[in-house]
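Before anything else, here is the set of structures, which you'll find just below.
Shared between the two complexes below is subunit A, which pairs with subunit B and subunit C, respectively.
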Partner chain A sequence: MTEHYQTARHFLRERERWRWPEALPWLAIVAAFFIVPDYLALGTQIVIAIIFALSLDLILGYAGIITLGHAAYFGAGAYATGMLSAHLGWGEPISAMLFGGIIGGLAGFISGWVLLRYHGLTLLMLTLTTAILMQETANAAEEWTGGFDGLVGISIWPLLGTFDYDLWGKTYYCFAVVVLLVCFLVARTIVHSAFGRSLVGIKGNVERMHGVGTPVHGRLVTIYTISAAMAGVAGGLFAESNAYVTLDVLSFSRSGVVLIMLVLGGTGRLYGAFVGTAVYMTLEDELAKLSPEFWEFGIGLLLVVVVLFFRRGLLGALEDLRVRRS
Partner chain B sequence: MTVALETVGLGKSFGALQVTRDVHLSLAAGDRHALIGPNGAGKTTLVNLMSGALAPDQGQVLLAGRDITTLSQARRVKQGLARTYQINQLFADLSVLENVVISLSERAGAGWNPWRRSSANSAVIDEAVVILAQLDLQDHALSLVRELPYGRQRLVEIAMTLAQRPSVMLLDEPAAGVPSAESHIILDVIAALPDHIAVLIIEHDMDIVFRFATTITVLVAGAILAQGSPADIANDEQVQAVYLGDGGDV
Partner chain C sequence: MGQVANAAIVILFDGVAYGMLLFIMSVGLSITMGLMGFVNLAHGGFAMAGGYVLVSLMVGLGVPFIAALVLAAVFVAVLSIPFERYLYRRLYEADELDHVLLSIGLVLMATAAITFIYGPSAVSITVPDYLNGQVDLGFGTFPAYRTFTIGVGGLLILGLWYGFEGTIIGAKIRAAVDNRRMAQSIGINVDRLFVIAFALGSGLAALGGGLAIEIIGMEPTFALTYLVFFLIVVAVGGLGSIRGAFVAALLLGLIDTAGKYLWPDGGAFFIYAVTITILLIRPLGLFGRA
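Let's look at the complex of A and B:
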């Protein structure tokens, strides 16, 4: 019996053990700082997009919530951070970003409370319309958001009062990477907790979760709120790094692209957000240089190939390769 | 004897179809009660009304004397009313061990904690090992549920429910789909359920029903046709007419 206890504990611990390949994305992020210093502006945007995709993975990959409106919370965070600076004159970067997270989380909590009573196609349409409604609201509230012209006048103070923003975006890259690390550690802790496992249960069989006494709606609203807050943080960083916010932060295409990036990398594995985002954005950048008019064709082709042949994304394909070898 | 679960005048319709009619049913603590009836009699609907998967149009459900009619399924589970499903409702892509751990974590109230690693909860894991051993599943603990033979999967279904430490268990055709050569495994497990649990079992297999039950309720067209000891039911002319005459498929 003792042996059974040991085996069981070991088996469950094994899943969440840190493995050496997990160091790779972080090494790449650090290496990029030294190897391609000219590309740190793009690097910063990639890191921000990774945070955004990671937040989507929490709800899509783990809890099975499908959404075409995740930009709603990214945008809420971006406008919150931007307006805090543009209208109230507060430009301290860390607190302004956190404010974006709070507003994103609040938007997630309120909308999630209603949305998450539905599932399937209904949920998909409702998430889509939520983001559209928010975009239209931002458009109409011109006085506050700048409407179609965008929100200008964002002025961010030096980080920690000392590190000012340089032309090459080094400071901002480091700041974004630290935020990503914190978000990642939070996400990794959550998915391996009993709470996180209950989300996997809800995704796997919601009927059973009702049957073991899980307050399903409450769980879903909770992870949705956490995810929206993380998306809001990404939006806040985005507003700070660009010093400019347009309606585009709430757009359907932003919701769609983050979904594409996550599916490209692989859902439900946290690192899918890293791989998918980096591949998508690097490719986008390279292809746009190659052919400013047809770059989307290349991205589309890649997606078709991934969806047809590597259903579980690039990381899923890697995993299959390793299994086949051993 | 204390009443563990009681339904009072329970009724449910789907459109014009009345699937449950004025059902009064009572389970005492430790009861072994079988619910039988031809296909379409409304047995599963009745279980759904008791467990809270469906809301009744009329009547009440009482658990240990408390009205639980308006409580959600999850709340009822917390109060001690757990069920199994006619069709497996398991996490097929997770290990048997983790299926039970998820159920236990909920009962232990750990399901809200996003910071503590689920694998660090030794009390829950040890209890899962005990439950699996109780159901003779210890050698399958690390297998994925979908890799198990169907009969064993039915045992996992029972394990998920036992993990809730219920005072009342509703077993919806626990041996459904299990090859007859394996059904004794299920039967042994049911026979060995703790005495204090009141058990209501829906079953088509009359061998199981007569071996297991101390009380039998016969449901026909949503209403109770007869109720009594196995001997009474076996000799009941109305019941014989249903089972041997038209409409019987057992």
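Let's look at the complex of A and C:
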């Protein structure tokens, strides 16, 4: 008994240990600051998208919740942060971003409480229509959200009262990276905790988890809320960095793109969000300039190929390659 | 009073025509999703292909409208077979996420390809004179084209009803929808049914896409724009239920048309609110069975 316990403990400890390749994405993020200072505006958007994709990985990659409406929480956060500044005149970046996270999390808690009782196609449809319903609501509530024209008049104060925003977006890049680091540490802690392992159990075999007495619905709502809050934080950052929010933040295409980015990198491995997002957005930036159709066709083809042959994403493919070599 | 009654008739008529169009385009998706359990977000791509093939036939080759409509449907039905054989089939055992991703990939490719070939703006056709203007139905005059669409939809319902209830192949498909493994074990060639159902569904979608040009327009974003509507018809109606798809499509057409007339700013809001309500109460849809 104790021996098995020790083995299991060792196994989980070993799994949680930091490994040197984990430094690579962070080194790349720091290096980007010095090597391509002209691209930091794009870099900031990539970092924001990584946070968003990371939040999706928590529910999709670990808990196995398939959603087509994750933009609902990104958008809720973006509008919350934006309206706080545009209507109430509060532009302190850190608290405004956290407010976005709180509203995103609240939206996630309420919708998750109701929706996570369903599964399969029904859940897919419910997440999809919930996000569109929120988009239609934002469209109709023109006085508050600016409707189709977008929310203008967002003005963000200097960070910590001292660092103002420069033309190249250095300040904001650093801010976004720090937020990403915090979100990542939270996510990493969660997935290696007992709670995180129970989510993987739910994904693998929900009947058995019911059988061993796991409060499945409660666990799912908890992770959904955390994920939605993280998406809300990403939305808040997005609103602050662009000083402009449109209905696009709630759109189906945003929900779809974050899903594509995550799957491209690989689900259920946290760093998939980093790799997939960086690859997707860099390619988009380069190729869409040449020809939007070419880019769209290429990403569609890539998606088909990934689903058919590299189901575990780019990182999974790399892993397989290493295994085969050794 | 007369005005209100007139407006009500216009909404009712337009709503039914739009609902019929949605039914024609999505009934195939309902059958294939019920039969194969494949969440095919690319179904609208076949509808869009139908629309564009129709444009090519009419504008490029001068084929008359009705003939072009039929040809486009047959062409797309045949075209869809390799997709089922070589792509969809590989993922029947996979989960919904894989279905969603594969079919999103296909939609993106279709959208890009159509934009590349036909350009990004909407295309149009010239419908024959007898479909232009108004037609007198005895109890009032109505737009001829919409009347034609409703007629086509009505014929299709009769055809599908007979096909599913009155023929052996229909009985086999119904058996496979209800219980695929059981159907297989009594010797029904389910693989072949999949091909037939998929081609039929894609062909019907293409027919709907051809009809749609004059009613809701046709541009490269069509497949993505109406994707949500097709899915709503299928989910609200219940997977694999033709009756369900018909009721849901009609409901959707009427609510959407009424919403757009009566509350232009927030009209679309109703559809999604109604969809969510129905799915919360009946997760398998109005006519769905476990």
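We take it that the second predicted complex is superposed on the first by the 315 of 326 C-alpha atoms of A that agree within 3 Å, B and C clash if a C-alpha of one lies under 4 Å from a C-alpha of the other, contacts with A are read in each partner's own complex, and residues count from 1 in each chain.
Rule of thumb we're sticking to: a contact is a pair of C-beta atoms (placed from the backbone, for glycine too) under 8 Å apart; a residue touches a chain by one contact, two chains touch by 3 or more.
Just so it is clear, the model here is predicted, and its values are computed rather than measured.
Chemist: In the superposed arrangement, does A:132 touch subunit B (first), subunit C (second), both or neither?
Modeler: Second partner only, subunit C.
Chemist: With both complexes overlaid on chain A, does A:158 touch subunit B (first), subunit C (second), both or neither?
Modeler: Neither partner.
Chemist: Please indicate which partner A:196 is in contact with in the superposed arrangement: first for subunit B, second for subunit C, both, or neither.
Modeler: first
Chemist: Does the superposition put A:37 against subunit B (first), subunit C (second), both, or neither?
Modeler: In the superposition, A:37 contacts neither subunit B nor subunit C.
Chemist: Quick check on the superposed pair: does A:16 touch subunit B, subunit C, both, or neither? Answer first, second, both or neither.
Modeler: first
Chemist: In the superposed arrangement, what residues of subunit A touch both subunit B and subunit C?
Modeler: Touching subunit B in the first complex and subunit C in the second, no residue of subunit A appears in both lists.
Chemist: So in the complex, which bits of subunit B are touching subunit A?
Modeler: My answer: residues 51, 53, 72-75, 77-78, 82-83, 85, 89-95, 97-98, 101-103, 105-107, 110-119, 121-122, 124-126, 128-129, 133, 138, 141-142, 160-161, 163-164.
Chemist: Flag every residue of subunit C that touches subunit A in the complex, lowest number first.
Modeler: 33, 39, 87, 90-91, 95-98, 100-102, 104-113, 115-116, 224, 228, 231-232, 235, 239, 265-266, 268-269, 272-273, 275-276, 279-280, 283-284
Chemist: Quick check on the complex: what are the subunit A residues that touch subunit B?
Modeler: That would be residues 1, 4-5, 7-9, 11-13, 15-16, 189-190, 192-198, 200-201, 204-205, 207-216, 219, 222, 226 of subunit A.
Chemist: What part of subunit A is in contact with subunit C in the complex they form?
Modeler: The touching residues are 60, 66, 68, 114, 118, 120-122, 124-126, 128-130, 132-133, 136-137, 139-140, 142, 252-253, 256, 259-260, 263, 292-297, 299-304, 306-308, 311.
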